[in-house]
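Look for subunit A in each of the two complexes below; its partner is subunit B in the first and subunit C in the second.
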Partner chain A sequence: MEEPRIGVYICWCGTNIAKMVDVEYIAEEVKKLQNVVVSRNYKYMCSDPGQDLIIKDIKENNLNRIVVSACSPRIHELTFRKALENAGLNSYLFEMANIREHVSWVHTDRKEATEKAKSLVIAAIKRVAFHDSLEKRYVDINPATLIIGGGIAGLTAALEIAETGKQVYLIEKKNSLGGNLAFVDLSYPDMNSISQVLDPRIEKVINHPNIKVFLNTEINEVFGYVGNFETKLFENTKAEEILKFGNIIVATGLKPFDPSVIPEYSYGKLPDVITSIEFEKMLKSGIIRTKDGKKPKNIGIIHCVGSRNNKYKEYCSRTCCSTGLKFANQLRDALPDAGIYELYGDMRAFGKGCEEFYTQTSRKDIVFMMFDQRNDLPKIKASTHNRDFNMIIEINEKLSGEELNIPVDMVILLVGAQAQDNAKDIAHAVGISMCGNAFYIERHPKLDPVATTTDGVYIVGSCQGPKGIIDSVSQTRAAVSRILGTIAQGSVQVEVTTAVVNEDVCCGCQTCISVCPYTAISFDPENNVSVVNEVLCKGCGTCGSACPTGAIKSRHFTDLQILSQIEGIMSLELEEI
Partner chain B sequence: MRQTVNTKFKQELKDFGVGNWNACFNCGNCTAICGLTEKGFLFPRKSIQSIQMGLKENLEKSVDPWLCYYCGECSDTCPRDANPGELMMSLRRYLTSTYDWTGLSKKFYTSKFWEAGFIAFFGAAIIAAFLIFLPPSEGIFSNPDAFINNQGGVMINSMVDGISSTQFIKIIEYGDWTMAIIVALLLISNIFRMFYKVILKDKSVQIPFFAYFTEFFQLIYNFLTQARFSKCEKKSYWVGHLLLMTGYTIMFLVIVVLLPEFQIEEVKPWYNWQRLLGYYATFGILYFLVIAAIERLKKSDIKFKFSHGSDWLFIIMLGLTTITGILINIFRLTGMPVLTYYMFVLHLAILVPMIVIEVPFSKWSHLAYRPFAIYFAKLKKASYAKQSIKSQLLTT
Partner chain C sequence: MSNEPKIVSFLCNWCSYTGADLAGTSRMKYASNIRIIRVMCSGRVEPTFVLKAFREGADGVLICGCHPGDCHYHEGNYKCLRRYKLLKKYIKQMGIDEKRLRLEWISASEGKQFAELANEMAETVRNLGPANIKDKLDLFEKTKSVNEGENVEKEKMEAI
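And then the complex of A and B:
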């Protein structure tokens, strides 16, 4: 190994660091350390002049290791790695010491803060001496895409990708395409026919030369990694088929909440208490009738059924409020003299045009009544006293404080959304994770809402959380553009700080295989050793710490690097080392 | 006790005035801006909410609409243009119809045919009765001078043949009293029904017995001064309304109670009390009528923007009564017996149906309902106070 020639740079970060840490003192002190050739302090290391300083020193002083002591590596590690590359040095011969978030921002004693900062800088200097050069790696991308779910999100994704000439495999567990939207009559707030939008898309998907549709099909397991996935399909009775693809879109959608678990609503017991799905079918058929075949005279529409209640689902299902308003409009058109009662917890008509829709609807002689969604749900009871109505809704109206009975002959329950029953199986098959409500988790809730922590797997539509058509379609198109981007690149960069097995030391105990969270390690029975798939490996280091023989090395986190870092951090006095 | 929503109530209410309660989204601005609303009587918001939800029972036991004097502030500032002031007006019409046991009030408010038919029929009956039983004397055509007194005025009670002037005035007086008693009985029975609905039927209140007496002066005081109206921001409405009310009341007393003093053969000098009272009453009524008619035509003030049929009927009937009354006076003072007779008959043919419709069944009944509502509100307040003392005692 060549003799390390280390350059150390202590950043002021304006006054952010300098006011709490004596940066000049540290720069002077660490000069005394072995192998430290240059040690400087500067106002803003991340600025162009700051980076130029590093590049100039590397060239002039022939430096081969760099330590920058500044903010969190999450913010500027890549910046400085790039600077090293520009100076012709391997970017992994670099270490960052965080003396802002970990020191200056969180301490009040300047002397002690300076001492802590100094030990962190020493640790980084000690560590960087043992850094190795690592080379970037790329894998080729298979341009085909697998889409799981044939609802509006899956259909949109399939068409978008297929139109660019790439192969699409669309898998649907039911025997028809369209998902939940296939039951819906009109869209809100524009009141256009859903089937006019949906049917031509389904037709186009079925007949598209680049789309292969598999109905009645479910996914069991997906092997491989970004760019090179593979799965076996078990299509009903047909023989199994092997598909290969580079990216996956999960668009499995939602399942309507089953209201029979809410005792107050008597769903399943009273025949004229129906769900929004059942009412949509009634609207599609064009005939609104009670079970006795009569025109309803008074209709109750209950919001938030199963949503926003600790006993059922805590979250908002996002589409029900506007759906309720849509129903009120459709009912008013069909039955001009009917009494229409919207019973809501809170009215959340968000989204473009929906608040206006609410205002317009409220002027159509619709009665809006509020109830306590968390503690005091209205109760639907049978009533035999009157020929005009067969049910009574008992409601404690929140805005007026009145205890009321509303006579009705039909009640529509706006059922909420919940994750599919097999959400966990799909998550397991494609290697993504779920939140407490069994919706899939995105990589970043704000900045990366369609990707997952597994490269090449994207989540769109209601499987990520309840949403309407607009949000589902926008999310789908976002995912599609990401996929088309990687396909266009042809290859994708993969993590290099992975684990490697020293086959001479490996005893074949397979402990590493059982602990790997990414199923990146397999067993080679011929040589009786473990083998790491470097594309799947994220470099988390779990296997390395579990390995009883020390056969597994995590690149960039070797034992030597970490031990010398610890040694550095523990040496309070420079004389000790 | 749970209240059952009346699903047909709104349909029923629609005929009593404007029906834009749908515009209201219960923000409460109207109650916040109202100078008259108070704890226990929070209007207009609560009343409108009750309309929206179809809470007929709530509304029928409520005195709130009567406590509102319609200054129009709430309608001016309503963010949704729901016009709460006019909704309160519609509720007053509706409540008037619920107090009336004959069902005529509802008919008059909701059917122009019934209203116009009743007036035409009644008016025609009066004209016919005069022409048949009290026809004009031949002499007023052939020898009009014989009916002129020495001040140059027509001797109004001597225009009919076969009966003396004292008999004539008696007939008119008996007629007046009959009308007044019938109208009063109807109105009193309706007030009792109001009392039943507002106080007796409302099980949530228990009126302390002495409150009936201690609060009674409120009734008299508010009837005479309409002091509550003066609390509204626009004071000119109160002044105009007070002129109208005093003018009308004076006129009513004069033609019923004081008729023998008022309708006499001789012409008193202009400063005589009976002529001064007459001028005051005429001015009061005319002042109000002219302003009301102009405003209702202009429609610039929100209070007058929407006019129900009963609003116009009231202006027209009272206007015609006043004009015919003035004309009688003019013809009489200028010594024209023929015109005086016919104007006298026409005046009664308009006046009598108007009073019979308006006082017990329609707009004029509020003359009684408003002060009674204030009285009942005070009783309810006494009950609330008693109940809150009781509950405080129970908790301590």
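And then the complex of A and C:
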């Protein structure tokens, strides 16, 4: 092995790291380490000048190993690997030490934080010395795309991709397309008919020569990797057919919150307490009536049902406020004399045109009342005192400070959004992660909000977090452009950090074969050794841990690399090294 | 050098490392005793890594993987669990308190749980006091190398 010539770069991340970690001290200290040729600190290593610094040093000082000590490798490892490539160095001769997420942001004592950061940097230096160059591997991309979910996001994705001449498989678990929007009457704030937007799209998708739609179909397990996925479909639980595709869009949407768990609202007990979904259906039918068939005289619209309350869902469902305003407008048009009450925690009419929509709505003789969304929900109670109303809403009105009783004969609950019941099954099938609320996690919340940590799998629409039509469609188009980009390239780079067998050391015990979750290892009886199929191997390294002779090596996570890292992480006194 | 215990932690890339990152992005505060090493899967954590950490002076070792059923590689965490159970018994025989080794499941969304776990582990190990494995072995090897007149450590390194 050539003598390592290591360049070390400690990032300030503005004040994010530098405030809690003495970056200059660490950069000075590690200069003393063997094989460290250059050691610098810089304000933003990920910036262009920061990367240029590395590239320049590699060329001028003949560096062959690089350590960047900055944020999480999950954020910028690829950025720096590219910089190495630009300097003509193999991108795997690089290691990152995470001194932001794991040090400066979580510790409060500067001395302790600096000491810990130093040990992480030393560990990275010791590890990188044993890094090997790895050759990139490319695989061809199957131009077909699998889309899971036939709501507005899934339909948009299907059409966008199919229009470019590529095959699309669209899977929907229900027996019709359109998702939650299929129940919605008008869109806000423009008050246009949803079905005029949705129905032609559904029609087009069903008849498109490049789109194959599977209704009543759920997905069990997806095999393969980016560019070459495969799944067996089950339509009504009978095995249907095997599909092959290169990319996956998960567009499984959301499920409306079930308000019957909130005792204050008596949903399910009082017949004229209905959800926003039920009211949309009423609007679509054109007839607004109470259960007794009467025109309602006083209507309450309650916001944040199930949302923004730690007892139920902590998050904001994003579409309810404007939906409530939309309902108020539609009710005012249909029932000019009715009393309309909007009961809200906070009015969040965000987005283009929505604040204006709020102002316009408030001029239409609609009563707005505020309540404490977290601690004091209004209570809906039955009333038998008067024929004109059968319910009373008791509210502690926050702005006036008064306790008010509002007589109503219809209450609309603006139910929030929650993840689908089968969110976990889908996550398992395609290999993506979920947050605590069972929404899918994007690769990077800001810089890569449509991709996931599994290459070739994209998340769009409300399965990633509650959102309206505009955001869902934008996100979908972003994912589509990413997919079309990879299809246009024809091939995609795949991980090369697979396992490899040293046949001279392998004793043929086949322990590795028994632990491999991907049946990626087979036995060669002629030579009495195990053989790794690199296409099937995903590089988990379980075989490496089980091998009694150390014959199987997990590339980029070798014993030597990790053991050196442990040595480095524990070497606290530099003099000892 | 501070007297604070040192804990080496092996986190799987997909769930636990991301969870630890989340603790960072959420600015949760926890004890600085934990030093994290990333592996792709908890199934990659060889018993050797754990023993090496104790050998190098760690007072505790924390392994974190995805929750059962959530492993990115289907079942690597189960492999890890099996090895862990055996390893617990083994280190006890070696005179290392088994509480110094811990395996927990941390998902990508459990930043808070990770921060709490880090504090808990630091507390446990602090109460146990220094593990002293390194000092014992260093002394043993020093005596041995003086006796044999050769550098055993060097030979060991070459063997790796």
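Note that in this section the second predicted complex is superposed on the first by the 368 of 577 C-alpha atoms of A that agree within 3 Å, B and C clash if a C-alpha of one lies under 4 Å from a C-alpha of the other, contacts with A are read in each partner's own complex, and residues count from 1 in each chain.
By definition in this document, a contact is a pair of C-beta atoms (placed from the backbone, for glycine too) under 8 Å apart; a residue touches a chain by one contact, two chains touch by 3 or more.
Because the structure is predicted, anything quoted here is derived from the model rather than measured.
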One more residue to check, A:T453. First (subunit B), second (subunit C), both or neither?
second
Between subunit B (first) and subunit C (second), which, if any, makes contact with A:G339: first, second, both or neither?
first
Of the partners subunit B and subunit C, which touch A:E240 in the superposed model: first, second, both, neither?
neither
What is the contact status of A:K116 with respect to subunit B (first) and subunit C (second): first, second, both, or neither?
second
Thinking of the overlay built on chain A, is A:D48 touched by subunit B (first), by subunit C (second), by both, or by neither?
neither
Greater subunit A contact set [subunit C / subunit B]
C
Is A:E135 touching the first partner subunit B, the second partner subunit C, both, or neither of them?
neither
Name the contact category of A:V367: first (subunit B only), second (subunit C only), both, or neither.
first
Determine, under the contact definition given at the top, whether A:E2 touches first (subunit B), second (subunit C), both, or neither.
neither
On the A-aligned overlay, A:G541 touches which partner chain: subunit B = first, subunit C = second, or both, or neither?
second
Once the two structures are fitted together, what part of subunit A is touched by subunit B and by subunit C alike?
none
Which of the residues in subunit C end up touching subunit A in this complex?
1-2, 4, 6, 8, 13-15, 17-18, 20-21, 23-25, 27-30, 32, 35-41, 43-49, 52-53, 56-58, 69-70, 72-76, 79, 83, 107-110, 115, 134, 160
In the complex, the residues of subunit A that touch subunit C are 72-74, 98, 100-103, 105-109, 112-113, 115-116, 119-120, 123, 428, 431, 433-436, 441, 453, 497, 515, 517-518, 538-542, 544-546, 554, 557, 559-560, 562-563, 565-567, 569-573
Would you mind writing out the residues of subunit A in touch with subunit B in their complex?
297-298, 337, 339, 341, 362-369, 392, 394, 397, 399-400, 402-407
Once bound in the complex, which stretches of subunit B touch subunit A?
1-5, 7, 10-11, 22-23, 25-26, 46, 49-50, 52-55, 58
